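Below, each structure is written out as structure tokens.
Okay, so chain A shows up in both of these, paired with chain B first and chain C after.
Take a look at the complex of A and B:
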């Protein structure tokens, strides 16, 4: 059990899958930093994307990875309408209203998935599901490498956008001081709508990336959200770099948890990490203290 | 160019501005003098569209501004340098300028404008890659003004530009504003520092508890007993 190769392999696999958590957390961070909205349904939309890939795969034979091309515009649109019709009106509301509302979405999506696809766990095959790549003695599942490469490319694009484009500067300006941003001519509401839409669109990519590693269950949405929140807090609320680094850490923690602990105890590891972080560095890894 | 007629503004049930009328003409330098809590910031934020009036009208270049979002007023040329500067603290000096110059009227000349700001405020050029929060108070106020100028204002509004600055730096800031005004820029500013704002402006309004109580030529206001006693401490 303590074979160093296996140990290393486990860690690397966790790290690679952590990049998907990074994508989830980046979206949460973007939305939270700009709007202070805590969207508990964030993970449910990722789940929706996964079921969407399942349908596209079963009905039309489209590989889940290819379904990303359909998901990105569709989920961007869902995010756009959702923010415009619902969240935009909640900016002044009490936290509890937003929490209740987004929890409502969680249960609506869960029930809808259950009615349509039953509560049975399902798996969806991709072209890479059973393929592995060997690096010397270390064998890594191909889907993990696809996940990392995709997430890394996206992360690089997102950071470039934040640092080098006007829209990215508008996002950072609106995060740092929305009043000053408005006085400088930025349409802060538009920035918020687009950022929210981007965050949901990212889930349309994260979902298919996770398909080869996960079992689809209607009730999984909340779990994905909570993992996302752990990552966000770990990385430092509002830090975009922290979101990705936090994602990698949670990925590794989860992998070793599954490796060393019995199945019922394993999911506790990321939460334990979360509590330790709150105790010793409540501002997170990259947070402003 | 700016005409405000019987403007009232409330925070919830509490009315804080009671029927304010005020105007700024093309190329004028107008000061709004009053103590803390007199309603100066409320008035300026309402002009920029961050607060909505309960009564009264705001017109800019003849166009009604009521109900127009803040960014649309920027597009029309109303630019405000807010109280306590409100820079984007974790963005660099240059990024602050770039954001300032991002509206449709300004963006075409943005690169040239950035260079012009560095010529006008050499210290900003030296610090262009530094985060705004690392600048001194005076440098921050210069950046705040430069950021506002990047937006190509037709009317530049400044809320308490002297706040928290050393007297020498306040002098520099006002010299800059007078120079900009001499080039044709219309300026409306609010100040607790009545002395320097009355010296620099041509016309002024005195605001007290949400009402304009005095107005007129700045020099004669500075000599009136009421202003001397209440605001100049003489």
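Take a look at the complex of A and C:
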């Protein structure tokens, strides 16, 4: 059973799926670095995107991967309105108020999903759900490859934006010193609102990418958020590279956990990894001490 | 001290009114009242850490389940009364609490690190408990049916349970009054409001957080024993799911974080509200109740960011700030 090919295959699958965690964490890092907002409903919004894909696929026969084209503008808009109407007003208040409010959102989204789609777990089929690609002896599910390629392209685009465009420079300046950035003529609030909208829009892509691998349940939102935060901290708070690398690590840890441990105990692995990380390298992989 | 005496007066009056409840309430409403008081108790215990000390802890499901599982396990295996089982349970909770504090203090990002590490630990606890056959796995551990009588924590009637939890809630309010006016309470609030300034005047933040955490953990353990005896079972879904403590946190937030009466008021208002919603529209459309409930939370938190009983007097609500567009002015100061 400990065939090296299977071990390698498990690791690669985990690595590929980890790229989706990387996308989720990138959004969280962007929001946290810019606004210090802790959005505990982040995962719930991703869940909304997944259920959205389900509806589009069941009602209109649109493949979940294609629904990305609808999700991105819609979730960008949701992010924009949420920040404009609610989070902008919370910038001055205590962190804990934001946490409570977003926990309230978790509650609302979970109940609304339960009301609309029942609490039963559901799966959604995509064109690639059952297909596999073989590389020599190693067989990988196609959805994982699609996830990696999409996440890699997006990551490259996001890093290009951060490093090379004016907007990216505005973001980095606002992260380093919001007051100085404002004095240099950067509209910090506009940067924040756009960055928040981008983070939510990314979930509109991450959701469909995860659909072939996950079961949809109304209660899953909190767990997705927690995974996202774990990845953020593993990678080093505020490090964009760290967010992606952390995602890959959590993906691999999860895959080997499922491989070696009995089903009920397997989900422990990513959390245990996180606690070990806190104990031995609290600043994360790419964090500054 | 004057504040404490008026609080004692309110407590005495409230207790007398509530003590009459079993005489007039139907079994259904008595059941709701027991749940409301249990939540008032849990919120008050959590408020010591979350409200007075500003440490957003999600570790409390662990203490709750230590209480519940210890009572059920010792009862089923060794026929030990839950009242006696409470002692090892509290000791175990306190040991776990020390370990958690030691892990969390390694990491310097107060609210986030505390929340994430404790959330990860209670998820680990959930998966571990689920996979231990001796603790009943996913199904959980039932309280032995032959255990009866007050000494076995089975008073045999709803009103018996009601008086146990009423006394416990009165006790916890007295403890919170003592805590609030004690040196430890003052230090806890100082650490919450500005950890660096508190350290600078000689308050050891780690020790303060540890002591407050230990008190809260021990108190929560009792709630675990009570809950297990009340519903006759300790199972991973009820005791270790994150939703129960999200509710506790939201009730406390709605009532007023870091105040004596906030958690009690929040729980006593919202538990019956939730129960009514679940019983009426929730019965035909599962989910509507939670949706309305969630909207109530969000609206109250937006209108009164520090809760119904706010520790900040005369503060303008977020909604008014939102309409005045004050929030959109460039500024980045955060506490």
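FYI, the second predicted complex is superposed on the first by the 289 of 289 C-alpha atoms of A that agree within 3 Å, B and C clash if a C-alpha of one lies under 4 Å from a C-alpha of the other, contacts with A are read in each partner's own complex, and residues count from 1 in each chain.
Note that in this section a contact is a pair of C-beta atoms (placed from the backbone, for glycine too) under 8 Å apart; a residue touches a chain by one contact, two chains touch by 3 or more.
Note that the coordinates shown come from a computational prediction; the quantities given were computed from them, not determined experimentally.
J.: According to the contact criterion defined above, which of chain B and chain C contacts more residues of chain A?
T.: C
J.: Have a look at where A:233 lands relative to chain B and chain C in the superposition and call it first, second, both or neither.
T.: In the superposed model, A:233 contacts chain C only, not chain B.
J.: Return first, second, both or neither, reflecting whether A:182 touches chain B, chain C, both chains, or no partner chain.
T.: Both partners, chain B and chain C.
J.: In the overlaid three-chain picture, which partner chain does A:166 touch, first (chain B) or second (chain C), both, or neither?
T.: After superposing on A, A:166 lies in contact with chain B but is clear of chain C.
J.: Is A:265 in contact with chain B, with chain C, with both, or with neither (first, second, both, neither)?
T.: Second partner only, chain C.
J.: Give one of first, second, both or neither to describe whether A:278 is in contact with chain B, with chain C, with both, or with none.
T.: So A:278 only meets chain C here.
J.: Of the two partner chains, chain B (first) and chain C (second), which one does A:103 touch, if any: first, second, both, or neither?
T.: second
J.: Looking at A:94 after the superposition, I want to know if it touches chain B, chain C, both of them or none. Which is it: first, second, both, neither?
T.: Only chain C; A:94 stays clear of chain B.
J.: Check chain A for residues that touch chain B in one structure and chain C in the other, and list them.
T.: Touching chain B in the first complex and chain C in the second, residues 179, 182, 187-189 of chain A appear in both lists.
J.: Okay, in this complex, where on chain A does chain C touch?
T.: Touching chain C: residues 36, 38, 85-86, 88-97, 99-101, 103-108, 110-116, 118-119, 178-179, 182, 187-189, 218-219, 222-223, 226, 229-230, 233, 237, 262, 264-268, 271-272, 274-275, 278-279, 282 of chain A.
J.: Okay, in this complex, where on chain B does chain A touch?
T.: Its residues touching chain A are 48-50, 69-71, 74-75, 79-80, 82, 86-91, 95, 98-100, 102-103, 147, 151.
J.: Name, in rising order, each residue of chain C that touches chain A in their complex.
T.: So the residues of chain C in touch with chain A come to 50, 54, 56, 103-104, 106-109, 111-113, 115-117, 119-121, 123-124, 127-128, 130-131, 137-138, 242-243, 246, 249-250, 253, 257, 285-291, 293-295, 297-298, 301-302, 305-306, 318, 321-322, 327-328, 330-335.
J.: Contact residues on chain A for chain B in the complex?
T.: 166, 169-170, 172-173, 176-177, 179-189
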